[in-house]
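Okay, so chain A shows up in both of these, paired with chain B first and chain C after.
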Partner chain A sequence: MAHLHIENLQVGYGNKLILKNINLAVEQGEMIALLGPSGCGKTTLLNALCGFIPVSQGDIFVANRAISKRPAEKRNITMVFQSYALWPHMTVAQNIGYGLKVQKMKHADITTRVTELLKIVKLEGLENDRVTALSGGQRQRVALARALAIRPDVLVLDEPLSNLDAKVRLSVRHEIKALQKQLGFTSLIVTHDQEEALVMADRIAVLNHGTIEQIGTPEDIYHRPKTPFVADFMGADNHLTWPIQNAAITLNINPTITQAEIYFRSENALVSTRPPATNVDVNPSNMGLLIEGPVEQSVFFGNNYQISVRCGTHTIQANHDQHLPEHTPVLLRVPTDALHIFATEAGNSAPQHSLSPLSNQ
Partner chain B sequence: MRRTTSHFLWLIAPAALMVGIFFLYPLCFSLYSAVTLDSGELTLAHLNKAFELYSKDIIFTILIVLICVAILAVLSITIAGIITLSPFRTLSKTLGFLYRLPLFIPFIVTAQMMRTFLAKNGLMNNTFIASGLLTPMETVSFLGWSGIIITFVWKQLAFSTLLIAGAMAALDDSQIRAARNLGASRWRILLQIILPQIAPTIGVAMVLSTVTIMSVLSVPLMIGTGTPTMMTADMAFRINSYGDYHVANALGLVSYSICAVLAWFYLRQNLKEKGAQS
Partner chain C sequence: MIHSPIHLLTKRFNKRYFQANFWLQCLFILLLALVLFGPILNLLIWTIAERWYFPHALPTQWGLKYWHQVFNPYSDVSGSLFNSVFIAVLTVIVCLLVSVPAGYALSKQTLPLRVFWMLLFLLPQAFPNLTVYINIARIFYDFGLNGTFLGVIIVHSVHGLMFSIWISVAAFSTTDPMLERASRNLGAGPFYTFFHIVLPQAAPGIIASAIFVFLESLDEFTGTFFVGSPNISTLPLLLYTASMEGNYQIASITALILLVPSVLFMVIITKFMRPDMLSKLGK
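The block that comes next holds the complex of A and B.
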């Protein structure tokens, strides 16, 4: 059994069910990102793990021991909070050493351990500062050191970076990841930012409406989403409902399909401006989707232009290195392996339930 | 700039006038009356007389206040702590409702209730007798100093718990959670995480309770047994029986001084903490 093992977990507030059928196995030393939109139940899952809210069904095992009936103070799972949750009446050292004091560790040993942790999180020399005098990034590092001080079985982090400004966020993100590699703690990190999840996690679990839609390595989740939700959440910003009427569009895949939801990223759509006369080879075999249409809008995005192209009732986004005037006719080509195609059964009026990903290798 | 200043003056004028007429003027008048003869000469005679006749009552008052405030602090912190930290939701909800009730009952009604409740043949003793816990011979009256304390605590408990529970609720919940998953018991969290942060509010609740207790007349009159009694009862007695406003005001001056000392302590403490935080 994995180090942290969650089995058929069900959690709710009152009789409102928030988490359904959560199954998750986290290996020793692994970092898993829980990724999902706001309100999907990420914090609720961490709270249930820590014992702050009761579990209505299922079980949680840490190192083969069931812990879902234990009170929070006996679980040895610590949390790093979005709001830091430091105690303002204590110094940095008192905050970090609190868990050790609770464990009745000797004063001298606490001092040694706190010094060691301050070094790990790069806050040497600040032990006697008030936490209210620290910057956001420093506060979150104190919170991290405090949570690591007691060597928890599992460390959980609830959007630890979202209160930090962009630059600090990148450096703290890097530090957390480096620490996790160096110390090898088992951890779950919650985020709603896909980039954060991709960079930090060994594996990602995508949550939607209280259930896990897909678990996998960052590459898996990014390149091979199993559901339209995952494709969409991982940044496939173009969505087409096939078939499309009144549009110059060709779908070139095997086996052919009649009805499908198609997703792809705007950066994967190759734009070529094509004078009608020149008929270059527009149909190479690795191009699964071909769309012809006029440019509707072209917006400067820094390193490139985001081009909107009309395609029947849909608007397709693509990236191009030059500005294109409105109404310029263009050809968009999307490689087969950049397409995420979810076939919907013909004649089914409620396609969401019958989606099955088509292999697109 | 000048225009806005005069606007501000107009805005605060009604409030300032109210404070002046109904508070500052009577206060100054009372202080003046405490240290002057009818002819207008300064004198310490009234103060001397007040101490000569009533020093026991002054000490009694201070003791009652201290005991009440100590019991209040312990009880309201306990109740607020249970409301904030208890894992039993219904218990904390019920408690949260019950403790507020005395807030809506005036002191004089409270005093009357306590009188019928605490007397030798009152409701409490009758209940004990009916349930067989005591025989009629064993009952004691709680009217007197203990009754005064019970009444004040019962009445002020709602107010101080309201303040303290409010301050506890205002703390970020994740601070408590952080302590819990580091292994701290609820008791430890109350003492080491919550109380240090809400100490200023406890101070406010206790200072305000002291001032209230010092100013209530009905409770010592209705629950007390005569001697010793609290200073408010003495003041009423000086005025009603002798028309002696001077000594009554001298007692008032003593009462102000006690409250002023507390206010000074409180403000000093508050300023120190503010200074340390910034």
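The block that comes next holds the complex of A and C.
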């Protein structure tokens, strides 16, 4: 059995179910990201794990012990709060040592452990500072040190980086990841930022409407989304509902499909400018999705230009390395392996599994 | 610069307007000061007057005779002062014992009948004081509480609870529930969390409420009069008797003694009453 094991977990307020049938197994030393839009229940899952809200059904096991009926203080799962929740009336050292003081550890031992943790989170010399005098990044580290001090079975982080500014966020992100590798703690991190999840997690669980849509390695989730929601959430910003009655859009894939939802990333749409009169060749090198149309908008994005191509009622986003003037006719090609196709017809030989149309979006 | 006649005229007018404005403001400030401090000045003069008859604008004989009389260890004043402080301190303790747990419970929005409980503590203030205390005195007769310290402390506590509960609720409402969660998370039980995390956060508000209760108890007259007298004499009762007997010197000195803690504590309270807490009053 995995170190942390969640079985058929259900959490609800009154008649409203927030989490439905959550199954998750986290191995010792693994970091899992819970990724999803706001309101999908990811923070509720953390609160249920920590014992802040009751579980209506199912069980949580940590190291083979069922803990879902225990009060928060008896779970040995610690949280790094989104707002840090540091105690303003205590110093940095008192904050970090609190959990040890509760355990009635000897004063000298607490000091040793706190010094050790301050070194780990690179805050040496700040032990006697008030937490209110610290910067956001420093508070974050104190919160992390405080949560790690009692050597929890599982560490959970609730959007730990959302209150930091962009530059600090990147460095803290790497520090947390490095610490996790170095100390080997088992952790769950909640985030709505797909990049954060990809960078930090060993595996990602994508949540939507209180259920886990897909669990897998970052590569899996990114390249092989199992549902339209995951594809959309992981940055596939173009969406087409096949079939389309438009001669300018052709789909050359093998085997052919009749009805499907098609997702792809703008960076995978290869742009080529060509004379509008030429016909599109249908040959093996031209497999995939082909779209013709005029450029509607071209926006500078730093390393490239985001180009909107108008094609009938559809607007397709693509990336291009140079600016294209409006109305330039272009051809977009999306290779087969960059297309996420979700067949909407049962029994169809689609590359991905079947599902009911549109209901999950 | 143009020195046209019109320009000079407006300039002079502006200057005159400004001067008029200035003197008007001075007058208002003076009037305000007179209204505010006039009676207190009169009171101060009385404390050091040994002889002061009607036609004279100022005392005919000055001296500290009455101060010696008041601070004589066997005088009524020292006894009353002791009673007042003793009752006030015990009232504060009783109020805190009730309002700290009650305030914490009432600060949780999930508590059933929350508004009802809050209003319940406000209820004694809704009726005219006199009727409430006369009835309390009548009921206390049956329990033999009239003329006892316990009776007076109960009456003062009922009055003080309104302040302490409402302020405590506001103080506990400003504490961040995440701070509690963080403590539980690290292995601390609910009681440990309350005393180490929640209470220190709410402490400024609780201290402010204690000061309010203390001052209210120190100044309380009606309840003490009906329940405590004649056995128990506090400073306000002594003040009343002294004034009735025409002994303005004793009355003024007593009033001055009562003024000292009020002014002192009001200064302290302004430090503890933070705006974020005041915004939670009654919520």
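The working rule: the second predicted complex is superposed on the first by the 333 of 361 C-alpha atoms of A that agree within 3 Å, B and C clash if a C-alpha of one lies under 4 Å from a C-alpha of the other, contacts with A are read in each partner's own complex, and residues count from 1 in each chain.
Rule of thumb we're sticking to: a residue touches a chain if its C-beta (ideal position, glycine included) is under 8 Å from a C-beta of that chain, and two chains touch if they have at least 3 such contacts.
Please read all numbers here as calculations on a predicted model, not as lab measurements.
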**Asked** On chain A, do chain B and chain C fit together or clash when superposed?
**Response** clash
**Message:** Applying the document's definition of touch, where does A:A25 land relative to chain B and chain C: first, second, both, or neither?
**Reply:** neither
**Message:** On the A-aligned overlay, A:F81 touches which partner chain: chain B = first, chain C = second, or both, or neither?
**Reply:** both
**Request:** With the two complexes superposed on chain A, say which partner A:I253 touches: chain B (first), chain C (second), both, or neither.
**Result:** neither
**Request:** Considering only touches as defined above, state whether A:T132 meets chain B (first), chain C (second), both or neither.
**Result:** first
**Request:** Report for A:I120: first if it touches chain B alone, second if chain C alone, otherwise both or neither.
**Result:** neither
**Request:** Select, from 5-13, 23-31 or 149-157, the region of chain C that bumps into chain B once both structures are placed on the shared chain.
**Result:** 149-157
**Prompt:** Following superposition on chain A, which residues of chain A contact chain B and also contact chain C?
**Reply:** 50-52, 71-74, 76-79, 81, 83, 85-89, 98-99, 102-103, 146-147, 149-150
**Message:** Touching residues of chain A toward chain C in the complex: what are they?
**Reply:** 50-52, 71-74, 76-79, 81, 83, 85-89, 98-99, 102-103, 146-147, 149-150
**Request:** Going by the contact rule at the top, pick out the chain C residues touching chain A in the complex.
**Result:** 176, 178-179, 181-189, 192, 196-197, 200-201
**Asked** In the complex formed with chain A, which residues of chain B make contact?
**Response** 87, 172, 174-175, 177-185, 188, 193, 196-197, 277
**Asked** If you look only at chain A, which of its residues touch chain B in the complex?
**Response** 50-52, 71-79, 81, 83, 85-89, 98-99, 102-103, 130, 132, 143, 146-147, 149-150, 152
